[in-house]
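I have a structure here, written as structure tokens, and I will follow up with some questions on it.
Here the chain labels run A, B, C and D in written order, and each chain numbers its own residues starting at 1.
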Amino acid sequence: MFMKREDIEKRILECIEKSKKYKEVGEVASYIPELSNVDKDAFALSIVTTSGDIYNFGESEKIFSVQSISKIFTLIMALKDNTIEEVFSKVGTEPTKYEFNSLIPIEQRAANPFINAGAITTTSMIFGKNKEEKFERVIELIDEMSQGGNFSFMEDIYKSEISTTDRNRAIAYYLKSKNIFDQNADEVLDLYVRICAIGANVETLARFGAVLANEGFDIDSSNLIIPQNIVQMTIAQMASCGMYETSGEYLMKVGIPSKSGVGGGILGVVPNKCGICVYSPRLDKSGNSVVGKNLLKILSADLGLNIFL
Amino acid sequence: MFMKREDIEKRILECIEKSKKYKEVGEVASYIPELSNVDKDAFALSIVTTSGDIYNFGESEKIFSVQSISKIFTLIMALKDNTIEEVFSKVGTEPTKYEFNSLIPIEQRAANPFINAGAITTTSMIFGKNKEEKFERVIELIDEMSQGGNFSFMEDIYKSEISTTDRNRAIAYYLKSKNIFDQNADEVLDLYVRICAIGANVETLARFGAVLANEGFDIDSSNLIIPQNIVQMTIAQMASCGMYETSGEYLMKVGIPSKSGVGGGILGVVPNKCGICVYSPRLDKSGNSVVGKNLLKILSADLGLNIFL
Amino acid sequence: MFMKREDIEKRILECIEKSKKYKEVGEVASYIPELSNVDKDAFALSIVTTSGDIYNFGESEKIFSVQSISKIFTLIMALKDNTIEEVFSKVGTEPTKYEFNSLIPIEQRAANPFINAGAITTTSMIFGKNKEEKFERVIELIDEMSQGGNFSFMEDIYKSEISTTDRNRAIAYYLKSKNIFDQNADEVLDLYVRICAIGANVETLARFGAVLANEGFDIDSSNLIIPQNIVQMTIAQMASCGMYETSGEYLMKVGIPSKSGVGGGILGVVPNKCGICVYSPRLDKSGNSVVGKNLLKILSADLGLNIFL
Amino acid sequence: MFMKREDIEKRILECIEKSKKYKEVGEVASYIPELSNVDKDAFALSIVTTSGDIYNFGESEKIFSVQSISKIFTLIMALKDNTIEEVFSKVGTEPTKYEFNSLIPIEQRAANPFINAGAITTTSMIFGKNKEEKFERVIELIDEMSQGGNFSFMEDIYKSEISTTDRNRAIAYYLKSKNIFDQNADEVLDLYVRICAIGANVETLARFGAVLANEGFDIDSSNLIIPQNIVQMTIAQMASCGMYETSGEYLMKVGIPSKSGVGGGILGVVPNKCGICVYSPRLDKSGNSVVGKNLLKILSADLGLNIFL
């Protein structure tokens, strides 16, 4: 990407143009009722490089529900608050062919931290004297990583999900019955749903990704925010397990470690290059943004972001 | 790695020293009787950089059975001889929690090209008018990729495996019964076992890996040997599925796309940097070389080879 | 059994004697804390014939927790209150290899009405304007079937189970998330746990079984209590699925359709002959009374109760 | 059935009449090419009572391929030639939800003797110095059980199946790879396919069933042909596992222990009453004769043959 800013912008715009043919494909998430109340045609893209350049396109100020992208926050918090051995004694590291909200991939423990069962597990490992303090600590992480980004708690999303989340409640009680955690299952679930209901804009998330791409160092100050081993593990899990049951195919076609959310966002991390976040709420049947994954594939090829080339 | 050759050598030697504490751990493969007739304490390492530097240590001339490392050869051949769509309509792209010779992860098709069922599938997709010609074409690929490396057909290994390979024969007939291929199942199996019985030394395999690391270009001549999209897919599948049911954990801890074989070899590819091959025949219970995986972890951290940092 | 009463008693006593070698084998259920507070060596047997003869042995007046034997009550209630098609659209009819409290055998629906998931499903199909009325109707069924037997609600067992039943709560929420029922999952679970906490003595349960053995007719009055098709289906499900993951083996060795409970009881039904209930609280690892299953095997052979001979 | 012969015949004819509404439903087996060359509308019924009465209807002399009904023969042979413990250490006793030719229900061993994997296992346990002698011994069993019935080896069926039986060959090699048997897998498979290719008419099979219904005693001579414990186990396994993945539902609706074959036959055993065989080649998707299972249900209700009433 040793190009002039305007040339890079032009190429990104061409990529966006190519991705438009997917814009009518897929359905907005409806399993959380409130999630369906979005503009189906909304679109935003942000790329934040490790050298501090920011490229924003579309409705880059729009705040949307991060949903499963928050599984990155939770994993990082669990790894900061516990030893690596503790975390991975309670949650696995391997992808699974089952859908994100399945109970099947919980045998001794959840398959990995990026399916619901795994993220409920890592949520239970966040330190704090009560759920308010734990939630506050997650917010602080996002604030620090995004250098004061634009994000908020989306109470309507939270209320809508907490009242309909039977499957996740089943998962929480199942994990508790397997002694994965000792706490009250309803409390752990509540914190999990709150974290999923965080809203952010694409730039905020791309900034978060850029810090991961930058080996955990703040882009501006170069202060170390996250230890290198946590950075490396988080990106590796994004590569292996970030796109649900299509993680292997996505990595093969796109080559950017990424995590998607049913709110319509996908956050990608290209080590030593950039964080990228796309927002477009129509989803494929695995729960990944259709425009999002296709635009990431086009950008990867066009801007040379594939980590395997 | 912008260091003097002697400094690099010194650091690698220190890494090898650290890995010695694992040298008594694990068992040599015995399920193919002939495989157990090896020097348990053998060790070799080769690193071939994309700039053409070669670092060899230990018994770097010793030829050993590549076994499942050959699944890389077979995947590349299948992708060269067929369209990507054809290949991945017959074999999946996702890792599986089941052991390498299980029949369970074959539902519509084998889970991925790096378990036995998947490699038998890709073997069936290699072009040639008979199995001799097909085998010869695989040999030519290795020869070209390794610029005339040192390798051979290990007939004793072949004979030992073909007479005891009941599980793989079951897999071959199962795939045929699912119409994954039309050919004679015994013939496909025979070719598969022949390819597994290829022997090579670490440098030959590291050269092969270096071409993948070099986006498919020959190291010396810069001729394109393998199309970029095949390179990218092959390395991505190594990252996702290369270390059997521990692929996610390995990627998280080591951060180098790799493929292991029960012969005791592990081949790693670090894009734009190098191919690395370690040989040490004692295996963990998933079938991965114990010294191999640990040395790769140490090298990754020490030489900065982790693709996520 | 065309023998004099005293000869029959003598033979039964001999059978009991033979079963004593198993009396130290197995462990009392502990997963519900209160269940472990029982006399480990307690023993009782009751046989009630369709001609009205009653044979009681041991502590035949002792009331014990019926636990999963209640799955028979619940199935009968569901079949009385709904059409057969409705019931078996929501719960399956096939045995499963998974343990009784697993979530795995719930795919479209629970595998059968005699694992926890299936019994929670049938519980949700009992009619009544609230859970008190529903519970009362189950009590009335037992009262009618046992002609005023000796049974009660064991509140300590209920309290102990309801506060520790994380797995069953997970199952209830999972079923609700699959739209198996619309009601409040906690309410359905509460009713399920209440029904499991019913206590009865062996004669009461053997009388219940005798009515099933008598094609649904009251033993004394010959009034029809349960329609024949419900009787036949209930006994058939006991034969197929009554002893959890060892149902096939038990049917093969014992030949008496039976249902066990982790409280230590087993209720068997021999069509046209008798109901039999054994109580002995030490369990095998599948949750079946060790003395119970062995005594039933001995009685089956000795008294000619095997339905296949 | 204490009725005059002509009244019984009249009632059976009425049952047959009622079953005719199913006669266009289902498809003839085609996975063995030769099996599809049958008269789709063929129909035959035979009931042989333990008192020696024989009721034949339709094309009762027509010989058809017994296919999986032969799994009864094989199980009996294995139980005669080995101890019960030996047999059930190599094959399980529990039904499975998977289709008859699946490899999934083979974990430590095949789920039960009435799926293909289980019957290949029991086939490997038949004694004899070579496969001809083993086959001859099976033939002798059928001859003795049916008192010189009408049956033969259908060579066209054998040849058609042996050349297309990839799935079963996969199963045979898989079992061998798990050390379930030591013999040559192709030889065991050949014997298995030969036994499946036995042809018989309905009366022959109903006579066979009548001996089982008669506790193993010959109907005419009252000589004991099969030990009682083998009789009881065989009928019990028919009850639990005889109708593939619908065994539980069939037992619940029909109440007659039965075994079906994809040739279109179903053999039922009503202890102390009769053997029943229906032939009608159109199958449901589980591989059971549609007219067969429905006629058995009607006969069960109408003639009082349900073992649970």
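Definition applied: a contact is a pair of C-beta atoms (placed from the backbone, for glycine too) under 8 Å apart; a residue touches a chain by one contact, two chains touch by 3 or more.
Every value quoted in this text rests on a predicted model; they were computed, and no experiment measured them.
Touch-path distance (fewest steps) from chain A to chain D is 2. When chain centres are set by their Cα atoms, the one at the greatest distance from chain C is B. In this assembly, the C-alpha centroid of chain A lies 48 Å from the C-alpha centroid of chain C.
Between the Cα centres of chain B and chain C there is a gap of 56 Å. Distance from the chain C centre to the chain D centre is 32 Å, each centre being the mean of its Cα atoms. None of the residues of chain B touches two or more other chains.
If you check each pair of chains against the touch rule, the ones that pass are A-B, A-C, B-D, C-D. Chain D contributes residues 88, 92-97, 111-112, 215, 228, 231-233, 235-237, 239-241, 245-249, 251-253, 255, 257, 271-272, 306-309 to its touches with chain C in the complex. Contacts from chain D toward chain B in the complex involve residues 103-104, 166-167, 169-174, 176-177, 185.
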